[in-house]
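Let me begin by handing over the structure; questions about it come next.
Going in written order, the chains are labelled A, B and C, and every chain counts its residues from 1.
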Amino acid sequence: MKPRTWFLLPARTVMLLLFAVPMLIVAAYSLLTRGAYGGQGAPWTLANYARLLDPLYLEILLKSFWIAALATALCLLLGFPLALFIARARTRKTLWLALVTLPFWTSFLVRTYAWMFLLRDTGLINTILLGLGLISEPLPLLYNDAAVVLGLVYGYLPFTVLPIYAVLDRIGPELLEAAEDLGATPAQVVRRIVLPLARPGLLAGAVLVFVPCLGAYLTPDLMGGGKSILIGNVIQNQFTNARDWPFGAALSAVLMVIVMGLLLLVRRKTSEHGGLP
Amino acid sequence: MNRALSLYAGLAYLFLHAPLAILAVFSFNSSKYTVWEGASLVWYRALLADTRLLEAALNSLLIGAAATVLATVIGTLAAYALWQRRAPWLEGSLYLSLVTPEVVTGVSLLAFYQWIFRFLDVRLGLHTVIAAHVMFSLAFVMIVVVARLRTIDRTLEEAALDLGASETQTFLRVTLPQLAPAIGTAALLVFAISFDDYVITSLVAGVDSETLPMVIYTMARRGVSPSVNAISTLITLAIGLLTLTAERWRRA
Amino acid sequence: MPLLEVDNVTRRYPGHLAVDQVSFSVEQGQLFALLGPSGCGKTTTLRLIAGFEQPDSGHIRLHGEAITHLPPYERRVNTVFQNYALFPHLTARANVEFGLRHERVRHVGNGPARDAAARVDAVLDLVQMTGKAASRPAQLSGGEKQRIALARSLVLEPDVLLLDEPLSALDPNLRKQVRGELKALQRRTGVTFLMVTHDQEEALSMADCIGVMNAGRLEQTGPPRGLYHRPRTRFVAGFLGAVNWIDGSGVRPEAVHVERDGTQGRDATILAVTFLGNCVHVEAELAGGARMVAEIQNPRSEFRPGDEVRLWWRGEDEMRPEA
């Protein structure tokens, strides 16, 4: 059948106009100087990138990495046994799987708010504890780094369960039986057979969680309050309140380069093992 | 081992669902505070009186509907074309759009709009939000539709041509019916993502085009309000029902 | 004038010639088999005739008119695909009806269109699938799928029906039976069949005329017996059946006679004897060191490895391919 070039035309127009061109504009802005009243103009400069070396921003960048890594590790740790449970379930696999994906379909904002409702000073947990007389003043559960990590884990946990389940489900029961037959204990079966075979799924899950966590905006903004600022918040702030678009653009460019570099690295790793794309 | 795993799974499902369930329960609380004082629909009634909220909900529905139709049609056409030939540039940009942090997508679109408005007499508004949503939804449509296309036997198209159907008839009578479930899923996905988006939307929406997530965000920042519990519960229910119907329809 | 002519057709793929200057013609009412190993270009030839691909050079004519560059939907030929390619979202009956909707395009000036429903009924009856008309392809067995695929094409009354490995997707024990059915269907309908196969037994038993292909070239065309007994090339000889090559000429195992104390023929020592039920294969070494296999239907005496015997065959059973 003849390829229909015009079928691609609308998608190409959208992606060129609303993705490629905006990215190029950001790249260009990152090399311009901030105007007196916001805005940007000549001269061309690398000063915006030089500002990134300021310990203040370096620290935020490092912290973003650290929080994203922590959330990813927790998602993998919590997601693996759940995926294993679903893969091993003899009945109702679809139901168990749907129960993992269902929260994903509901609003991210609503899910974040649900935790705020629980963790606030006047939230459910503190109200109950106060009511029981276990504490005399509210515990500071919200507006700190731990709350941000919790919010991220809650938001992205399905992203690790699904790919890990996908690989675990393909491991036939006869493989596990063979291992047990050869004298491996259940724990050894998991460690020596299941985990190595699940590697592509673990890696895919890690990428799916780490990338959005690194650029997270909503969770640190709502659950970290003003105290837990990550790179995503800094970028947003430069384009809104601070009105320093060139610097915000430089931060965006750096974040993009980091994300792309990471993905390239993972891609090389997976192609070595013949895993996911 | 298995018992421990089941116990763990129970706790994990509790972790995933309890917060939303508690939120829903407390949306029926008659008290303004987090203390149960009896069931009531007072907060749902309050929603109906909140014109700002209703207007925002209408905006969100409008944006969601428009973005769903546009992104699904454009994405399906492109996915079908990619079935027959490669388009490295388009595929690359779709992949990149998928991994770009939302904040970066948002600010780049904002920068683009501001730049282009120097030449055109338009302003930020619902249309800029819709355009943004179509862009970031395209990759999702493509993923769903391409996955379905991979399972379709290519000789079916040849068979249709062989039996006298033209290329357009072949697409409409053979390929499209088989894609229908995937297109439905893709449309639902786009609607859910569009209806939920805050980060990108808040950056490219004009002052007079507030969406539901933007209102909820403002309310959430201000403090706990049972109204937010109520609207959150409604959204969760609506999306949940939509997903379930779509799933049932897909299997039928 | 032949019904279908393939005239000096070449199809180039990056890196190799899939079809290399192939010419042959198919007469009205014939069952023509294109035979060859996988990758020999026989399926590509079929696809060129169906119109899914275009030749780089050469012509394809139907009733003397060039159809070389017509799209598939404007050719009065239909294909039965190797995997049948039944539309999974349509019932068996709707699959058969599929092409009738577009028939006017093909049958311009072909007289008044007959009642479509009656034609579908008739063809479903012909392939004995009336009872399964409401089933979906997923509910049909392999043999049933094939019959629906045949009905779907035959209902359009094509000038030539193209069949791509029609038996390969069936259970082996079903194949022999379907061979006969397919042949009978062809006789009954009188439709010209052009079939692609890699199975020489299938081609020999079913076809009126066989074209043997190898590495993109058509090596020889002719009736089954002629090809079997008078192959023009060593490849054709070997592809149609086992051959003992000796001094540049070939002898089929069933033409070789084994005798304990004959006077004619050549001295040989038996190396191995294999019992195959309906016959016995005797492998023997000739005096010069060459080896031969003889296929004996009713062995008079029992042969054992090490026995000294004489092997002989008739001069007319010797094949002398040119290449």
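FYI, a contact is a pair of C-beta atoms (placed from the backbone, for glycine too) under 8 Å apart; a residue touches a chain by one contact, two chains touch by 3 or more.
Every value quoted in this text rests on a predicted model; they were computed, and no experiment measured them.
Of all chains displayed, B has the C-alpha centre closest to the centre of the whole protein C-alpha set.
When the C-beta pairs in contact are tallied for A-B and for B-C, the bigger tally goes to A-B. Inter-chain centre distance (subunit A to subunit C, centres taken as mean C-alpha positions): 58 Å. Computed from the mean C-alpha positions, the centre of subunit A lies at a distance of 18 Å from the centre of subunit B. If you average the Cα atoms of subunit B and of subunit C, the two centres end up 54 Å apart. Of all residues in subunit C, none touches 2 or more other chains. In subunit B, the residues touching two or more other chains are 158, 161. Listed in rising order, the residues of subunit B touching subunit A in the complex are 1-2, 5-6, 8-9, 12-13, 15-17, 19-20, 22-23, 26, 33-35, 73-75, 77-78, 80-82, 84-85, 87, 89-90, 93-94, 96-97, 99-112, 115, 131-132, 134-135, 138, 142, 157-158, 161, 167, 170, 192, 195-196, 198-199, 203, 213, 216-217, 220-221, 224, 228-229, 232, 235-236, 239-240, 243, 247. The part of subunit B that touches subunit C in the complex is made up of residues 153, 155-156, 158-166, 169, 173-174, 177-178. If you check the complex, the residues on subunit C that touch subunit B are 50-52, 71-73, 78-79, 81, 83, 85-89, 98-99, 101-103, 105-106, 152-153, 156. Contact residues on subunit A toward subunit B in their complex (touch as defined above): 1-5, 7-8, 10-12, 14-16, 18-23, 25-26, 29, 78, 81-82, 84-86, 88, 96, 98-100, 102-103, 105-118, 120, 122-124, 127, 131, 154, 157, 186-187, 211-212, 214-218, 222, 232, 235-236, 238-240, 245, 248-249, 252, 255-256, 259-260, 263.
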